[in-house]
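Scrolling down, you'll hit the structures one after another.
Consider the two complexes below, in which chain A is the common component and chain B and chain C are the respective partners.
Let's look at the complex of A and B:
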């Protein structure tokens, strides 16, 4: 629909029966609306970082069973702190004194944060964070 | 699983058998690389792990079985296995190749649940495949 000029729309609409024409016009109007995601922009115009976090089975008791939650923060460390505020106890499962736990894998979009900047990795609005326990043993 | 364990002996072999979420049916055999390439340790490669879980999610599957081999010790979870077990709903299958190595012959294969550091063995019954 987006490839149609308004003239070609008129021509097409003219070939349709009147009853169908109303539906056709409605479809054109809907397809040309610009979708504004209200999560991107606050009234002040300042962006706030909202990310989706995928939670592994073993941590879902802490998120009320939720598999996907949202959190805020400009770095992974801030996102983890935000998660801890909402779901107390989750921070300790992800971090130890030295930082991210060795056998917890965290990915931002497709990248393991260990290959980025670890907890200091910048997070962009709408990023997807995935937490997975390592599958490992002796 | 046994063939994979023998093929990778003396290093530990590892993988999963996935199945539809909520069914507890191990249906799809997915051997994984042991990124540690070690006779005493296994770990799924981090990139492979993400790809695996994405694929499972897309198919609405879960890792019903997580298996690995022990190449010099019994087919029982080690302390490390217990400490690192991260899938409370999975059946952890251990295969030992200590008797026969890469060769055919008798093998040990046992299955366990590992939840919050507590190990419980469960019987293994081979019913054939689901295909």
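Let's look at the complex of A and C:
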């Protein structure tokens, strides 16, 4: 996914949680025979899938006030499910029966997912996801 | 070029090649200079169309009072036309807009009701609807839901683009009311269905997204997602950077919304170049930079400029 973000080179904190998931993630890497980007390698040599999600003010009561959170998942739907696991209630604010709620916009690397594959859009390691309420211009 | 009146001169704007910013001879960028309209923005087209339609429909009597939510350009265009046609104008404008916009509106005789910065244009729309309900004899043309807004671009902007650039492959414009993209998009879908219609949406500071709940979100009634090929969100920093590049490399002095549009256009150009595709990418220069000089964002460091626009409705 090629985005337009000028500051796409985000530095991810190597977290303890990521190390704990290391073995599982290692299997994924080997099975997909992916070229490992050095930026994604922990000191143990283990790759982990992680994306940065920017949360709008209105949803921050659900993230303990956090503006940027990390989540994992290979599609946007999986990322939302992962967020729901960590921050119960957020899924329902983003989705309804038909998919993304009408007044919720989600961008992966600055591109609106409604013009990609919606909730099935693939998410790559270190992608940046932004959630925003729909607003007027003009 | 001779016209019988100022309003007859709306539209027919130049399409300018950008030899320095275009990545190659096969991938070319073209700027449509909408700042050449009478009040200096693309909004003259939409507003003239909306006023003419309301007059044809018998919804505007001499001396009528118009009411409109606007972040600036729509109000300025409407103020000028209202003055020439003998109407009063009340604008509802967010308080976090540059002072030049207030000066221009006042100069053309509009009255301004300021809406809170929190919530941006959503709040202006909400307040305008309350004021409209309290003043049932006022006429709200309502740019977000008025088909004559998009129709202006179907009738004029779209045909002008295709006449000047028959090899057009991409059209890029800003997404506010969505009028430009809907009108040009529909015209191009009918005449050149292979042309990509790309939206660049300004991403403002947090203040503007400070809604009380998600149900207060807003999608303009005239918006039809199926007319777009893709939609990009562009932050203030990239918009400022590109606005400055447009001036430094091509000599065009534009407002920041144009920088956001150029950012998306350049992204498409790079992609086409990498893929080895031919591309003629036309984008909209919405207005000149004059109304935004007081923000201070044209000079100094990018960091300072970005902070200057934080919390402002810069597009």
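Quick note on the criterion: the second predicted complex is superposed on the first by the 88 of 138 C-alpha atoms of A that agree within 3 Å, B and C clash if a C-alpha of one lies under 4 Å from a C-alpha of the other, contacts with A are read in each partner's own complex, and residues count from 1 in each chain.
Just so it is clear, a contact is a pair of C-beta atoms (placed from the backbone, for glycine too) under 8 Å apart; a residue touches a chain by one contact, two chains touch by 3 or more.
A quick note: this is a predicted structure, and the numbers were derived from the prediction, not measured.
J.: Between chain B and chain C, whom does A:93 touch in the aligned arrangement: first, second, both, or neither?
T.: second
J.: Is A:136 in contact with chain B, with chain C, with both, or with neither (first, second, both, neither)?
T.: The answer is both, since A:136 touches chain B and chain C.
J.: In this superposition, which partner touches a larger number of chain A residues, chain B or chain C?
T.: The larger set of chain A residues in touch belongs to C.
J.: So, does A:107 touch the first partner chain B, the second partner chain C, both, or neither?
T.: both
J.: Kindly classify A:57 by the partners it touches after superposition: chain B alone (first), chain C alone (second), both, or neither?
T.: both
J.: For chain A, which residues lie in the overlap of the chain B contacts and the chain C contacts?
T.: 56-58, 103, 105, 107, 110, 112, 114, 130, 132-138
J.: If you look only at chain C, which of its residues touch chain A in the complex?
T.: 69-71, 73-74, 119-122, 124-125, 143-144, 174-177, 179, 199, 201-204, 206, 208-220, 225, 228-234, 237-238, 241, 263-264, 267, 271, 315
J.: In their complex, what parts of chain B are in touch with chain A?
T.: Those in contact with chain A are residues 14, 16, 32, 36, 40-44, 46-47, 49-50, 53, 62-63, 66, 68, 77-81, 84-89.
J.: Can you list the residues on chain A that touch chain C in the complex?
T.: 2, 4-6, 56-58, 93, 101-105, 107, 110-112, 114-115, 130, 132-138
J.: Within their complex, state which residues of chain A touch chain B.
T.: Against chain B, chain A makes touches at 56-58, 103, 105, 107, 110, 112, 114, 130, 132-138.
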